[in-house]
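Think of it as A, B, C and D in the order they're written, each chain with its own count starting at 1.
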């Protein structure tokens, strides 16, 4: 795939559509092991992000992601705000001057996003956070073997589902200790929607 | 009937038994048009009254009623406390030196109680209060035609039931205005139990 | 939410345990009067000062013990939950606070409260203590009428405590204290709404039931139903309805200076009270009313009932000065 | 009771409307910072004084705006309900209150709060403002561990506001303010229980459900479930359980002087909080603990949740003097 500003905007629009249609579900997941606001947070943040990017002209994907980062950072709050904000900021920085963005570039960008989020949240893989989705996705993109959107989506979905059996050691769910098991992590779910949206745009791009 | 200290005590005991067994019901009635404490108030007050009179030796009914007045006055509170307290105080005063108490004496005593309550509560007959039971009972005892306990109980019960259709203009129920109709008045109901207890003792006395 | 859930022990002891916990929390303000349900101001009796006694059924916390202290009450008499205290308890309070200048009773207009306090007054007067009283009836929900017991006393009572208390602190006479108290009553109107009922400990049942989308307008503070059952609307619409009832009553607030109280009935969060306050202040401004004082919080509650009341007191120079006067109580401070 | 019942308008505007209503209620204490959800102390910025900034998700009223004023906070930053405010909002607050002596952040230990406040701190430091912070983690319900994000900050946070604020008022340096704040954190432990859940406006569902006879022990203040679900017992038994968890933690309160806070989570009536206080005071006496200060009321709430928390702070001469220092805020006064 090649990603220009246009595809980057399409990604945000699709992501927002998914956050809106799963608002209730994300809130339910967060009520089970968190504080019940993840759906509200995501829908609020991505709504604003779409408003912003669909009303602006951009030259490159990097420019799009920079605005997305600022909006998410200033509209979401909570734990997910700084994390998603950091993710898009790092992607924007890595992709500076890369236009159109190639699959290799994207792999680097997601890698950078992952590292930024780990630094910000001090979480590693396996702590039942969105990191558990970003990590395998980054690996998948990096190793570059038959990288197709379908596989990307699968990878993210599988990773999301695997958070169910993990006991949380970071984020609000960690307070539940053993009781956090048996529930899918809300942030991993919103991250899955994000990559599902990417895969969707990607498919269209082929 | 002739009432000595012994019958007076029996009256209080029987009245308490009825208040205890109808505690829930009186509370329900008071929840419908009042503040839901009449059952608690009556059971608390008569419990204490029985404790007092069954642990004391009395020469006359008047002495019994004096103690009952003090206990009810100091243990019930609310609207019913001062009213029942006043009732027993007035009865005690009227019956001073009358031993044993005759039916004629009793008629005077209830008459005095009624007047004391009307003065204290500034209510007249027909305002959906316990006065609506005391009034006909006082009339019944006064006119002295075939005064039997059965008829006494009937009179009180009928009067109690008639409070159902009245719109309250005194007491808490008055705040409900039209909505107070269709509910039996709690205080009239506890007053009915009081006279039912009297009738019961009376029957045994015959 | 399950209404029966309460943090209590034996319901029979709820009031006495609450009073003990209150005294333990505020030893600098109050002291208990042995063998009674009366809490006295720490310094009581204050020599030569008119002393204020108020009280009523429990379940309205912080009323009334929370208003015991310098510049407000000298004693609060607690009855059982929602049940007026008995004459002997009120009488003990009167005797304990009398500093020679007489005792002033602040009574909320409920048949039971009026009868019990008046009997106590008769007992006190029989012992040569001069006693005066005011009966507070600020609730506009109930039509006023000489054929009934008239209107209820609700949150506006707190203004009476504050202003009569301040007057007494100045060393005013019993007659003077009575005059300002009656002025507050004449200038103050309130109206409340409930979104949920409450449960008297021990009764085990809600005082009434509401559907998921219903509210009771014109609610009292004893869990009794209000005067009208309606569908819940927005905060602004509910506030507007209460405000209109208050404004359209007999006190002309338009263009005047007023003190505002947005009083939470128990379960309603402060955030919602502030949302109501926002609207009330805007609307009062529309009516060219100048708000000199605003009180938002729980002042006169009804156990865990969700809802609130709106109170307006029309100000004048004297009331302003007395409302601003020094006050030191657990629940009301300057 | 139906939990969805709220006195609100559009849920999207709940926080801003609440803030407007708060400012309208307390104009002598706070002023709003245009275009933000920040409430500033009326006098901000105070020249040469270390300024305190705190905040977090909304729904904890009176926290945090209620603690803005002399002797406590210089600014409170409000996020959405139960959602930490964003870095830009906190950054605006920092810039607005900086009086040249630096800014001190009081952060409750939640991943979101910590990340957002730290990002704001980075932005401020980039502009040459010196910033220090303390992270409050008084909740003993959660095991402390370096592998997790550790313990939550709950009602004990109010003691940090009071004492760090008093220190700053004395003209202490940023380092000194940080030192006393860390001392409070080291000396303070809390534990809470919920009898009912709460509902985030807009979410329309309770955060969890409980049976009629169940309670959640070890509850946080964001409607998240506690650490253990149990049958409701008596007030004394519940209080005993919370107290034991606090006493058996790492601070040795036995024989010491302590300040006690019985904090209502929202719907629980004051009468019940006082019943709890009665028991806690008795028990502390058994452990030969001397209670120097008692606070009973709603200080750090969780919307309309029913329940309470118990907080103990071990005192020393410095903390006592700072806790007694002058304070003038809407929700905390001396």
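We adopt the following convention: a residue touches a chain if its C-beta (ideal position, glycine included) is under 8 Å from a C-beta of that chain, and two chains touch if they have at least 3 such contacts.
The structure presented is a predicted model; accordingly, all values stated were derived computationally and were not measured.
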Gap in Å, rounded to a whole number, between the CA centres of subunit D and subunit B: 54
Subunit A-subunit D separation of Cα centroids, rounded to whole Å: 32
Subunit A-subunit B separation of Cα centroids, rounded to whole Å: 75
Per-residue multi-chain contacts in subunit D, two or more chains: none
Interface hub residues of subunit A, defined as touching at least two other chains: none
Chain contact graph, described as a line, ring, star, complete graph or other shape: line
Pairs of chains in contact (touch as defined earlier), listed by label: A-D, B-C, C-D
Of all residues in subunit C, those that touch subunit D in their complex: 1-9, 14, 17-22, 24-26, 58-59, 61-62, 66, 195-197, 206, 210-212, 215, 232, 234-236, 238, 262, 266-279, 281, 294-296, 298, 301, 303-304, 306-308, 333
Subunit D residues within the subunit A interface of the complex: 57, 79-89, 110-112, 115-116, 119, 141-143, 147-149, 152, 200, 202-203, 205, 207-208, 220, 222-225, 227
Contacting residues of subunit B [partner subunit C, same complex]: 27-28, 31, 33-37, 39-41, 44, 73-83, 120-122, 169-172, 174-177, 179
